[in-house]
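Read the structure below first, then the notes.
As written, the chain order gives the labels A, B, C and D, with residue 1 at the start of each chain.
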């Protein structure tokens, strides 16, 4: 039960998904499976919420380090839940979209969630700067190539590249930095990305096959089987 | 290097703020360079401060540049432009607030373009956080700028559904199975925009705007390659290079990052000058971008100079 | 708590109140609920600065923002998933009375009972929260893994393997009309024949050498080793291009945040 | 709109439709040509004839079964009215009418001027449909002739995707074959991967410094290949850690990864003979939200100050945030991901980076499991096929293009057909 059933489920569903690609009458079944997946995906969100609650309640109960902040997490969680799940403060009532303009959910989203998430992401701008100062160094041949390519693209992506090299005549125009940047993107970048894409594509294909055939079972948590 | 290079636009700009901030940045970089030459560590917080100033200064004292659309961007523009009015265009807002500063300008520009051309636009998103952003965009761009357009006739908002790729896998053959109603609970059958649309096959153009997963790649894999509907994309700069292998066969064009948005906006404004007053955030963002790029390039150069100096010193020992 | 901590706390609190007052007075003429409006903007600005303060060093304000974010985001995803998919897609297929309660159009169908399957699997997934019956969650997990593996198998095969191979069939002699024509029209123009030819050669050699670099079951020696070395160079150009391209995106994120601070909070720009 | 075969091969279809019109019983009539039948539809409006703008009807209307579906579609195509011009057109659009089982005509769609195809997706098997298209002017409607009744057909195999099926069998076969070979005990070769030796060294360093090791398995769930590869490497890392008695800390962003991570570490501790040293606290779940997770991991990094960070798995924007924060606390960092967009940052900011597929190869190399070694070898077969095809394809395209050699161009066309699905 614990091991065999999951392997059979993976096999059956995987096969349906593969063969419906080639056999048109199976398409309906594939669609239904996809819809099932979408529903289960929502339960996974609930699982995430449940886990979060469990961890922070535990932290509170055991008075672990920084337990005070767990109150903040749980507070935010329940307020958002009330606003979202119960649609409290939604002017349109139960039938309206949860993100109706002016609803409590949309307000919390705009004034709390949005600044938090986008500032977290904006930290990247700083880290890019410090990484370029600290880490992008011509340590060896490979690093030098990376650096030069990065430099040309950086220059070519701003109006500055044109300002610097715009004087180069048309018959040598590939030497203008913006054109050089476009050329790098269209030729070597494309080649490298395609090589990576083919390699990873094959990796995904063989992994999928191993999962469907039950050869790969790490996701079930038992190494021995 | 920086001051000399900026002397060209500076002649025309008399704003003192700009001059002072540029001088400040230039002097600061010089100071970092000198410190690096003496092989002294520069604290990363100073680096952070510099990038903050380099971005903040041009926001306070705007610097603007002209842009010209590159081929890969123009192809998306031309496609939207060449479709007859009333064509069905699907715009997928697959991004969250974190990515929004980067891709919202192109989402707005493409929405404006489609509505100006009179296309029927279907909005949707695969990101839960995208729906809240979509609500904001619709309020601002669609309802704010095109009040004559009717919901369900000229445009429709389908909103978010959970399931990532599986959502795409269903709408590729049947919209109604996945979206029985639009975001406001209106059944699709009662909207005229969906009269002729059963699946993605019936669309004339799909433009996915995103930058993460699920995003443009999933659209290509699950929809674009399956139904042969022309697909355009607008993405955060970080994923643009890895989508190049799909261009031009699997994606007709690609807008990468704010520069892509700025190029699209410049093309849009050239074609429809009255849209300029609606705002060109992409073009405006190019000022801070340029300055920050210069600072980052300076950092790379300084970092390498100090690296070579310290290496030479080590060798001497 | 140390005294300096208390002073900093008090200062931040004071500034917060100050900002609230200023913001509210400036909103008083435009908004009805100007006090709440002022609080909202001030609070977002506070959160923005709290996260940015991490750049200086870890501190309680950052911790507060971090923990708040974790709680809010989990609940946000739950709410969205519930209303859009459970209420939007599942309930209309399961129950007429629930559909009426949630005011969604009921979709009768003779095979609708199958939609109990995802509900059961979903509940099994939630059993993971219990340590005793946690193994039940393997069933829905197997379903998830099976769906993804099946879908990805064919789609990656088509889009990322088969299509990519034929997309690489580029002519190595673009617009070839003989050597004489080539020499007489030779130029380094970006749209010229020579640049196009070099570009296609780079695509050809780059893809082949790149794949060779990722060839694991053969020792990289001799010609194979040389090709793999060219492969890593091509990959390095690719990564360099990626880096150069990405910097712009990362900067725009900061532009977005600073614009918020300057425009919505401090009213410095319009 | 999808272009269907009739527009590209009219002659072929006209001959076929001719055949089917005369021998409707042969092989399931799937194509119906317009027949001259009178249509009684109230199109004439109460406008004097002199003011009516009468336009020419569409011609060559063909209805055909949509190929390779479940019998739910019929494709229509026609030649637009000669009055349908780009400039000063008198045609304002078309209406498509459908007659189901000889019933009343029903308008199913209105199309823009210039249209010449329509794909009817609302038909059912077992019913007969015929169609006509009428051309609209500003005040009149001119119907075309009606097509013969046609029944949508179901096909059991999508022959357009036959090449994908064959390729799937070849690649799948290669992977399974080599896994079996490896299982039977044949030693398969995997080339050395730079950066792997660093693993032991990095763990040793943490032990010497008495600081913990941080292991981040990416932010995707167990259904992602990269997460699985990361867990395999974790098994190996945990084994060494158990020997050295170093602390490991693994914050994760998915609850399923948490369980799998715990089981993996537990198994390694058991294998090292120290099950008592294991504790569930080594692996903690934080949140599914990407930046919530990043914020928390950043916090952990600066508070715990790990000596070594493993960043292996699927990473997105957080790659650089984590790598730079790790660097600022002085940790040695070993990274690996198959997300091409994040690789430059790892290469720049970390000490060792597994590039793309190297991550999978590393997990195969470390575990030595036949299933991993075998599939690596199987994937190499795929790469060999790709390289060979690219080589031949490029050569034939070049020669065919430059010197117009017809038989070589035919090879190219054939090869493109094999490696294309559009």
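Methods note: contacts are C-beta pairs under 8 Å (C-beta built on N, C-alpha and C of every residue); 3 or more make two chains touch, one makes a residue touch a chain.
What you see is a predicted model, and the numbers here were worked out from it, not measured in a lab.
*Asks:* Most C-beta contact pairs, which chains?
*Replies:* Counting C-beta pairs in contact for each chain pair, the top pair is A-C.
*Asks:* Averaging each chain's C-alpha atoms to get its centre, pick out the one most distant from chain C.
*Replies:* If we average the C-alpha coordinates per chain, D ends up farthest from chain C.
*Asks:* Roughly how far is chain A from chain B, centre to centre by C-alpha average, rounded to an integer in Å?
*Replies:* 17
*Asks:* How many angstrom lie between the centres of chain B and chain C, each centre taken as the mean Cα position?
*Replies:* Chain centres of chain B and chain C, defined by C-alpha means, are spaced 13 Å apart.
*Asks:* From the mean C-alpha coordinate of chain B to that of chain D, what's the distance rounded to whole Å?
*Replies:* Roughly 23 Å, centre to centre.
*Asks:* Would you please write down the residue numbers of chain B that are in contact with two or more other chains?
*Replies:* 44, 48, 51-52, 55, 98-101, 129, 131, 159, 161-163, 166, 169, 178, 185, 225, 238, 241-242, 245, 249, 259, 289, 292-293, 296
*Asks:* Touching two or more other chains, which residues of chain A qualify?
*Replies:* 18, 21, 27, 34-35, 37-39, 41-42, 45, 47-48, 51-52, 95, 97-99, 105, 109-110, 113-114, 116-118, 120-126, 128, 130, 132, 134-136, 146-147, 150-151, 154, 157, 182, 185-186, 189-190, 193-194, 196-200, 202, 204-205, 207, 209, 219, 221
*Asks:* Out of chain C, which residues touch more than one other chain, so two or more?
*Replies:* Chain C, residues with two or more chain partners: 51, 54-55, 63, 65-66, 69-70, 73-74, 76-77, 80-81, 84-85, 89, 103-104, 128, 141, 144-145, 147-149, 151, 153-154, 156-161, 163-165, 167-168, 204, 207, 211, 214, 235, 238-243, 245-248, 250-251, 253-254, 256-257.
*Asks:* If you look only at chain B, which of its residues touch chain C in the complex?
*Replies:* 45, 48, 51-52, 55-56, 59-60, 98-102, 128-129, 131, 159-163, 165-166, 169, 178-181, 185, 187, 211, 220-222, 225, 236-238, 240-242, 245-246, 249-250, 256-259, 285, 288-289, 292-293, 296
*Asks:* For the complex, give me every residue of chain D touching chain C.
*Replies:* Residue list for chain D touching chain C: 161, 163-164, 167-168, 171, 188-191, 221-223, 255-256, 259, 286-289, 291-292, 295-296, 298-299, 302-303, 340-341, 343-345, 347-348, 355-358, 361, 364, 376-377, 380, 382-383, 386-387, 389-391, 393-394, 397-398, 401-403, 412, 415-416, 418-422.
*Asks:* For chain A, which residues count as touching chain B in their complex?
*Replies:* Listed in rising order, the residues are 27, 30-31, 34-35, 37-39, 41-42, 45, 92, 95-101, 105-106, 109-110, 113-114, 117-118, 120-122, 125-126, 128-130, 132-139, 147, 150-151, 154-155, 157-160, 163-164, 182, 185-186, 189-190, 193-194, 196-197.
*Asks:* Which residues of chain D touch chain B once you look at their complex with the stated criterion?
*Replies:* Residues 1-3, 109-110, 112-114, 119, 121-122, 290-291, 316-317, 328, 340-341, 421-422.
*Asks:* For a test of understanding, state which residues of chain C touch chain D in their complex under the given definition.
*Replies:* Within the complex, chain C contacts chain D at residues 51, 54, 57-58, 62-63, 65-66, 69-70, 73-74, 77, 128, 134, 137, 141, 144-145, 148-149, 153-154, 157-158, 161-166, 168-173, 176, 204, 207-208, 211-212, 214-220, 235, 238-240, 242-243, 246.
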